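Here it is, the structure, as structure tokens.
Chain nomenclature is as follows: A, B, C and D, assigned in order of appearance, with residue numbering initiated at 1 for each chain independently.
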Amino acid sequence: MLDKHQIAKRIARELKDGMYVNLGIGIPTLVANYIPEGIEVVLQSENGLLGIGPFPTEGAVDADLINAGKQTVTMLPGASLFSSADSFAMIRGGHIDLTILGAMEVSEEGDIANWKIPDKMVKGMGGAMDLVASAENIIVAMQHVNKEGKSKLLKRCTLPVTGVRCVKKIVTEMAVLEIIPEGGFKLLEKAPGVTVEEIRRSTEGKLIFEGEVPEMQF
Amino acid sequence: MLDKHQIAKRIARELKDGMYVNLGIGIPTLVANYIPEGIEVVLQSENGLLGIGPFPTEGAVDADLINAGKQTVTMLPGASLFSSADSFAMIRGGHIDLTILGAMEVSEEGDIANWKIPDKMVKGMGGAMDLVASAENIIVAMQHVNKEGKSKLLKRCTLPVTGVRCVKKIVTEMAVLEIIPEGGFKLLEKAPGVTVEEIRRSTEGKLIFEGEVPEMQF
Amino acid sequence: MINKVVASADAAIAGIEDGAVLMLGGFGLCGIPENCIAALLRKGVKNLTCISNNAGVDDYGIGLMLQKGQVKKMIASYVGENKEFERQLLSGELEVELLPQGTLAERIRAGGAGIPAFFTPAGVGTEVAEGKEVRAFHGKEYLMESWLKADYAIVKAWKGDTAGNLIFRGTARNFSPMMATAAKITIAEVEELVPAGTLDPNEIHTPGIYVKRIFQGSGYEKRIEQRTISKN
Amino acid sequence: MINKVVASADAAIAGIEDGAVLMLGGFGLCGIPENCIAALLRKGVKNLTCISNNAGVDDYGIGLMLQKGQVKKMIASYVGENKEFERQLLSGELEVELLPQGTLAERIRAGGAGIPAFFTPAGVGTEVAEGKEVRAFHGKEYLMESWLKADYAIVKAWKGDTAGNLIFRGTARNFSPMMATAAKITIAEVEELVPAGTLDPNEIHTPGIYVKRIFQGSGYEKRIEQRTISKN
């Protein structure tokens, strides 16, 4: 089983040189720590910044410079600033090459739910609906099962969805999976020490695999 | 009969302190020369400039600074620059208080034609259609009759229209007229030395006047 | 150039009455109009509809207006940092309309730009689509969304001039430039107010035409929600 | 930051083939990409669709491409300064689509912003409305207009950096920022090319994400159409 840092590290291997990437709150933010050697990507924050740098040192904290998670950040040389309308024009227009975000549920059709638990959580969708509706390439970072041990990879989402037929790939503590066009979770890789049978039991939606499933590489 | 400078001078009396104004090409551009004492207006150019100043002196000519008529201009202190999309957002959003433009024909309903003579002139509409469709307050500066002596203030436009039911006021070499909501040219003022009968003969559309029509003041 | 300067935050918010629809700039607490919010608290106007990406935190920003019961309705995209908000919502004291963040930004831009409606893919197939026209273009489905306007927009900028031109700083820009275009009356508070002609026209984010009242604010706290630090 | 620099105008326009759809920045001759236009003339590509507010003048700008018969179709708002244009149009050699200037600007913005359609009042009741959906909002009629995209956008900026960030100057900005967002490949020529990190992020008009290729142009003529001078 992977911890959240290992999930982030595995996702980081999906990055290709020259990509513009939007990282959601939570595990996706950690991906920035594992960008492979020789790969240069530019991180976008939907509150209006392209070219996010590392968190600031104590002396360099600037209240006017935060990411979408409201964390203080810095800018890399070559960064640019813009309004929220321009930021979502960038997102909606398909200019971001890769979007990585968390989820509460994903369906075998690629639907995603990550913004609302009726009568329980009313935080709002923030930019998630725009991101999932616009991005060509969406990777979800999530736990395979919830705290009660129930699968979060479902036939159909039970929670209100954030977007439909949009997720392309999922990385969990157990596996890397791809949503295939006909519907279904295609098992691409298993985490070290995890069996296909364990993954099958933790996946409520249709799990598809052929032959020997390779182990994840980092 | 007024010359074009006098038309511009009469229109300038419509300016109120604090107005943002878009001036079209031709006579409207001349209005800037007659802004009354104590009145401050800000001129917008739809190619992306707010706060147009006078034409530059020989040494101050800047090829990167032109108005919508492609004339070299200067900027006043407090000017701002923006893109064409932002400029027409400003226009379409109704932020310009007054638009002054030329016309080939105006109908008694307030329709305006000023962009095309079929099979003869194919220059294009430029920003005119956006301006007339968006502005709350449009004044047309034009000749009352064309070169063949035919009225340009018509029941209906004969040329392809630029916009419908949009013109509020017209200033010609003969008169100041208002388009009334029920349709018709209400004669507000006559030019010095011009009779109501002369104006009536030069106006094909319905001309409305009551009692003594005052003479224009400058 | 036309002078837009008013003396104070209290003068700037003059005319805002009970029931007004306000847009307030800021993302989280970043770039919020601190001085005007304080003035609104002093004035005590009620039944406000507030359009803002977030609702502040419990003890700061719009959260303070919620505490005082001044807000009737909130239009936002994310309100997760605010317990009092959640309580008022669940108890039915507060109306709330949650919108995708990009839809919120674009609806406000459309309000200022004279575009009554546009199509966006955000929210297709979700609760957000309920009651909205769905239309396919080039094989993909989109929702029709309408413009959003307000009686007053209240924004905070870094620098401003007496003609109302504004320059924002860092990610404190966020929703403010669009909001400034979408209200009948736009109020700007700035950290530094300079004479018209001081700012480079090429660097202005919000042209003065959009700003009706401007003043230099003071005592900016600029509270940080997530102070996140690198070790080295 | 990702390096977008190419060696020359000829390298920048590599891949532009016969039949391509191009957007070209500029208002009149102000802000046109002089170096790239010269390279397109050298390359001699044909059957181009050019989207640009104007069509240059007879002996400069896009007018030179018209002279060489490289343009099949022109999408513009005003073409009044160009006799050769008028001749080709009347003789049927050239297709032309004339659009209201604000509609042209907004359709290009929409193309870059993922908005397939929007409503604008410009053109209601005119020839421009033919075949278009008309809809009333709040008692006023609007036309539905669709996004506009291109294979290549070619823009000229004042300053640019190696990451593709652009700053325009004066009214030479015009259509270029929107065009840069609306093409598969955006090419920028700049008067001054600087290392990434040199430009103030707060002053950038076009973020580098939109620019695929950038180079420093040379020999800018910046021809003026209407040199208008004050006496004093």
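Just so we're on the same page, contacts are C-beta pairs under 8 Å (C-beta built on N, C-alpha and C of every residue); 3 or more make two chains touch, one makes a residue touch a chain.
Given the structure is predicted, the values throughout are model-derived calculations rather than measurements.
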### Query
Comparing centres built from CA atoms, which chain ends up most distant from subunit C?
B
### Query
Once you count every C-beta pair in contact for both, which comes out on top, B-C or A-C?
A-C
### For subunit C paired with subunit D, centre-to-centre distance based on mean C-alpha positions, whole Å
33
### Query
If you average the Cα atoms of subunit B and of subunit C to get two centres, how far apart are those centres in Å?
36
### Query
How many angstrom lie between the CA centroids of subunit A and subunit B, rounded to a whole number?
55
### subunit A and subunit C, separation of their C-alpha mean positions in angstrom
28
### Query
What are the residue numbers in subunit A that touch two or more other chains?
49, 81-82, 88-89, 91-92, 134
### Query
Considering subunit C alone, which of its residues make contact with at least two other chains?
106, 109, 113-115, 120-121, 169-170, 202
### Summary
Pairs of chains in contact here are A-C, A-D, B-C, B-D, C-D
### Query
In their complex, what parts of subunit C are in touch with subunit D?
106, 110, 113-121, 135, 137-138, 140, 142, 146, 167-170, 202-203
### Query
Which bits of subunit A are touching subunit D when the two form their complex?
18, 20, 40, 42, 44, 49-51, 75-82, 88-96, 134
### Query
Inside the complex, what are the residues of subunit D that reach subunit A?
1-2, 109, 111-115, 161-163, 165, 181, 195-197, 201-202, 204, 207-210
### Message
Touching residues of subunit D toward subunit B in the complex: what are they?
### Response
27-31, 53, 76-81, 86, 89-90, 96, 98-106, 108-109, 120-128, 158, 169-178, 205, 222-230, 232
### Task
Can you check the complex and tell me which residues of subunit A touch subunit C?
45-49, 54-58, 61-67, 69-73, 81-85, 87-89, 91-92, 111, 116, 122-130, 133-134, 160-165
